[in-house]
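Here it is: the structure, laid out below.
Residue numbering begins at 1 within each chain, and the chains themselves are lettered A, B, C and D in the order written.
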Amino acid sequence: MKLYEYQGKELFRQYGLPTPKGVVVKSLDNLEEQLQSLGFPVVVKSQVLTGGRGKAGGVLFADNVAEVRAAGSKLLGSVLKDCTVDALLVEEKVAVVEEYYLSITVDRASRMPLVMFSRSGGMDIEEVAKTRPEAIAKVTVDPQMGVRGFHCEMLAKVGGVTDPGIKKELAKVVKTLYNLYYQKDATLVEVNPLMLLTDGTLIAADAKVDIDDSAVYRHADIRAMEEAVPVAPLVKEARDTGFLYIDVDETGTVGVISNGSGMIMSCIDWIARQGGQVTCALDLGGGATADRVAEGIKIVLKNSRVKSLLISIFGGITRCDEIAGGVLKAVTENDFGVPIVTRLEGTNKEKGLQILSEADSKKIIVAASLPEAADKVLKAQQ
Amino acid sequence: MSVLVDKNTRLLVQGITGREGHFHTTRMLEYGTNVVAGVTPGKGGQTVEGVPVYDSVAEAVAAQQPDTTILFVPPRFTLDGIFEALNAGIRKVITIAEGVPVRDMMEVYHYTKNMPDVYVIGPNSFGVISPGKSKAGFMAHEIYSPGPVGIMSRSATNSYETVLAMTRRGIGQSTAIGVGGDMIPVSSFAKLLPLFQADEETKAVVLIGEIGGADEEIAAEYIKKHMTKPVVAYIAGRNAPKGKVMGHAGAIVGASGVGSAQSKIEALTAAGVHIADSPNHVAEILEKLLA
Amino acid sequence: MKLYEYQGKELFRQYGLPTPKGVVVKSLDNLEEQLQSLGFPVVVKSQVLTGGRGKAGGVLFADNVAEVRAAGSKLLGSVLKDCTVDALLVEEKVAVVEEYYLSITVDRASRMPLVMFSRSGGMDIEEVAKTRPEAIAKVTVDPQMGVRGFHCEMLAKVGGVTDPGIKKELAKVVKTLYNLYYQKDATLVEVNPLMLLTDGTLIAADAKVDIDDSAVYRHADIRAMEEAVPVAPLVKEARDTGFLYIDVDETGTVGVISNGSGMIMSCIDWIARQGGQVTCALDLGGGATADRVAEGIKIVLKNSRVKSLLISIFGGITRCDEIAGGVLKAVTENDFGVPIVTRLEGTNKEKGLQILSEADSKKIIVAASLPEAADKVLKAQQ
Amino acid sequence: MSVLVDKNTRLLVQGITGREGHFHTTRMLEYGTNVVAGVTPGKGGQTVEGVPVYDSVAEAVAAQQPDTTILFVPPRFTLDGIFEALNAGIRKVITIAEGVPVRDMMEVYHYTKNMPDVYVIGPNSFGVISPGKSKAGFMAHEIYSPGPVGIMSRSATNSYETVLAMTRRGIGQSTAIGVGGDMIPVSSFAKLLPLFQADEETKAVVLIGEIGGADEEIAAEYIKKHMTKPVVAYIAGRNAPKGKVMGHAGAIVGASGVGSAQSKIEALTAAGVHIADSPNHVAEILEKLLA
């Protein structure tokens, strides 16, 4: 679960990591009142859950309330890299000496948190990664040790920080951020820029935090942030039904329903190989009943880009007869113009095929294998 | 022979009185698995399909000496269940739950990483099956057949596809292991390859990977150095969608290319692994290799 | 560092473990005012750092302020099992269903925290340990796992708690106490009794907490408690000089100074074997200088039970010439009536013996080995 | 031969620029120890008695390949220093600091407990010496002499007494190890006994224990099962004072008697160990055993 910058900063402050003084603005009514605790100049930052916000024009500067209003009028409600801007974070500008980069994510090879630090922070960090990878310090932290003095020493040394005072500050920030990362079940915590102020302290000027969806349940404070995070309507509808809806490609024309991400990837791969393109996919997970399968089909067919649908199931926990029953139910109860190619294997396969063969609908096409199904789902569009 | 589970396996089912636990205990017993005990706190003294139920793993171990356990418990109790099993001395743990927090499995990985004889399969695994002998999992066992090929897969469905294609061609399996589809599988390819290399029955190994992580690359290193048996690999996700990326960390790490289908296929190819384009192709390659 | 009951309970409350409502009383002035937040009846408990307080009469009951005053007059300033009572904890009595026992200490064999629980808590728990050891559940907790649901299940099962509601309460208390134990560097946390109230909740009616002396530095809250804890004058004086003073036996007559607890134990053993008894010992640790050795001798000789002093040094980091210099300095600068038997080995031994041989004092006796030294230090008293 | 340290040892000194670190580096060099590098953060590039100093253990390892490290750092930095060394791949760590928090060493113990080739000696240890070859510690090396007896001791001073008595009788030492006087020594008797059992030069082993803990009892189990070489033990503290006890936990645990001098002596006697009454007596027994 991705958090907005202002939500990430709430967590930062909870852990004692300083952030600039700021106010979240969701409407321009009473703007003067909303901003009364702030000094000027300020930065007006669009709250969106994607990177590259600055370069896309989502960050503006203002010297007074009128300028904030002007910026707000421009930004609020606008669409930035596919995300609608519902909120702004208005923050006091701070006098900056340097801009650092600091992040923690997971190193999947060693199964350890990976801390990355560079003195060359700011918007061009990805360029630095390409042209001067040695300028980015990377340290994995054994979670059974936790982050230690020597980790911070290594980050500072490779990252190019030599001043003892700043090293000490950095160590404090790294330890704080690690604790937040670990205790809050984050999969990403990124501060870019981490600003060095004139007084030698460090302050988090941005916050990118992603929390493990599977662990949100055990953090009441993050659960409370959840409702502010927008979810695409079909993703939400799928989630409420217990399914996972995935947007694959806007130019695609095929919908895929399957049980398990591995099979979904294989379906996408096969259809691509046959020259087609999947636009969205739905993962039923294990053990879906006929009623729920019918629900899933309805959700996918709400995506108007879907011109044909491939349902590929390998029944383990999931039973093929339930899938077939769901297909039948969906087709019977609705008037889709979309052909459905179904391919069943595994538990109760014969029973499922029996149900489909008795359906007597031109929209229901049966395939015996995944290659055949991929072929048929594309031909059905012609 | 076979690996991890066989006729001698004494299986414990944690969460045996739950809906899934009960159903799959029945299926496993039908398959011939030696399910010796179950555990559900507070339900000690009951039986499920004739299997005695205990309140704790420690009690089940004392009474029935299981050597392997499978957890049919919800994701939020998985960490406790794994630790309980390890604490009671069980060395083989199979976890099928989907949606276990990443940090929990990180803890299990690091807790067990220096224990050479401990195998934690999963999470989000379909289990382990040695066809004709024993199964500890929920896989559709009807598609499996005994034979000379060991299989490890991150994806349940892709391994089913592969097994079905193999079985249709008359190529059986020594053991099939679901290493699990989550971000942090505990005992992954590199930890399991030595078992197949040592197993007399296994003549070839199939590795079914997918994009993300570095387990296929790490496995490639092991294969290069130690495997004398042929390995066939299928990597899913060459055309998988990219998620909306927040922050730069992914891009910085990704700059090395590790984790992409291309990186994995290159590493495996360099290790002498046969690369298949699809589950069906795996079976075709095996047919030639074993001819 | 042992904490008073009321200090331990401060920690309990900090971690969310309930305790009875209470007030710390150090003087009986304005007693009514001090107790105004409490309801009656109350328990008046002497605050002492030793066990068996109840059986020794240190706990009284009162139904009103006058009775508290009477109890206070009796207890404040009294001596209970060698400890002077400087403070009372006056607590509301609670309606109790059962009294449990719960503690966490370290299991030195497995190097793990050991949790012990029994449904048969209260003053007779040691008797239970002897006659019905099976009634006390003992569970070691691997610190890399932390305390888990199954640990609590085992404690409840062996301890004899079957009610699901109480089991849940107990699990909460065990986890809380474990976190306190681990995070606060405790070496002992004991709640006896842990009271089951009529509403099914558990409450800590007593608190025995011992914090690892080596770790107090990293807990500001515990450092703040330190000044309230009384330290015997000689122990304090030694600690201020950087030494460790140990009371051995009130009936003893020999003082021992050495460098290292192993050697001190061997000195005590040897003197016991020769029929003598050590009364106190001072551990110089490593690397003491002549000045500091002289300080150490002065501290030990302030104990009037010391009739002769054995100084046994095996120089490693510690240098024998510094020891000899210290002996000389102490004897020259003071007028002790007490003979000092010195035995030196190791680094700069010859130099040290040279210094002692030139000292020309009857009070300075040199011994070549530990047995000889033990012999001489006892003969010197005759 | 000898154990843990010898002529081939490449020693790192953590905290080399401190007062103690510098002094004992000099003493170790004098003794012939191959001190290859030192570490003090911020002092990289300096030298101490000709030994190059680095900012971190990782840099020292990259430049000088030490295989053993000794920490002359204050107790509150000991945990960091040990973890830094382990993290950099050093497998033998000697910690002399006194006053390290118990929890810190608990963490080190559990972090390393499944690492068969990792030895963490201490804390509160005098170090390790293989007389005539190498020393990594602060012991008064003048009293040692090369010979056939391996020594492990919880107490520095009691081991010095014993060594002196042995040397005076012409009985030398293969290696002497201070396991440390704290509540939780990391690599204790039972972990070290196999080294002495395997060491060809060692003909007999001396174990110097004291009251408290169960390490002597655990060692007795190992000796009973695996040791073919004679073992002599001295247990200090038979007449040690009892501390003022707070709470009942100690009494409940103590009901079994484990930890008392009597319990240790009984366990060791049952394992065939020769019990000495004093350091001097150890030497007397050895004289007969080796005659």
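Note that a residue touches a chain if its C-beta (ideal position, glycine included) is under 8 Å from a C-beta of that chain, and two chains touch if they have at least 3 such contacts.
Source: prediction; values computed, not measured.
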Contact steps required, at the very least, to link subunit A with subunit C come to 2
Those chains that touch subunit D and also touch subunit B are A, C
Counting C-beta pairs in contact for C-D and for A-D, the higher total belongs to C-D
For the pair subunit A and subunit B, the C-alpha centroid-to-centroid distance in angstrom is 28
Between subunit B and subunit C, the Cα-mean centres are separated in Å by 52
Expected list for subunit A, residues touching two or more other chains, is 142, 144
The positions of subunit B in contact with two or more other chains are 107, 110-111
Among line, ring, star, complete and other, the chain touch graph is other
Full set of chain pairs in contact is A-B, A-D, B-C, B-D, C-D
Listed in rising order, subunit B residues that touch subunit A in their complex are 20, 75-76, 98-107, 109-111, 126, 138-140, 142-143, 153-161, 164, 181, 183-184, 208, 210-215, 217-218, 236-241, 244-253, 255, 258-259, 277-280
In the complex, the residues of subunit A that touch subunit B are 2, 49-51, 82, 101, 103-109, 111-112, 114, 116, 125-126, 129-130, 133, 136, 142-144, 182, 185, 187-188, 190, 192, 208, 210, 212, 214-215, 217-218, 246-249, 258-263, 265-266, 268-270, 272-273, 285-286, 314-317, 345-347, 369-371
Touching subunit D in the complex, subunit B uses residues 114-115
In their shared complex, subunit B is touched by residues of subunit C numbered 142, 144-145, 148-150, 153-154, 157, 164
Given the complex, residues on subunit D that touch subunit A span 41-42, 55-58, 77, 79-80, 83-84, 87, 107, 110-111
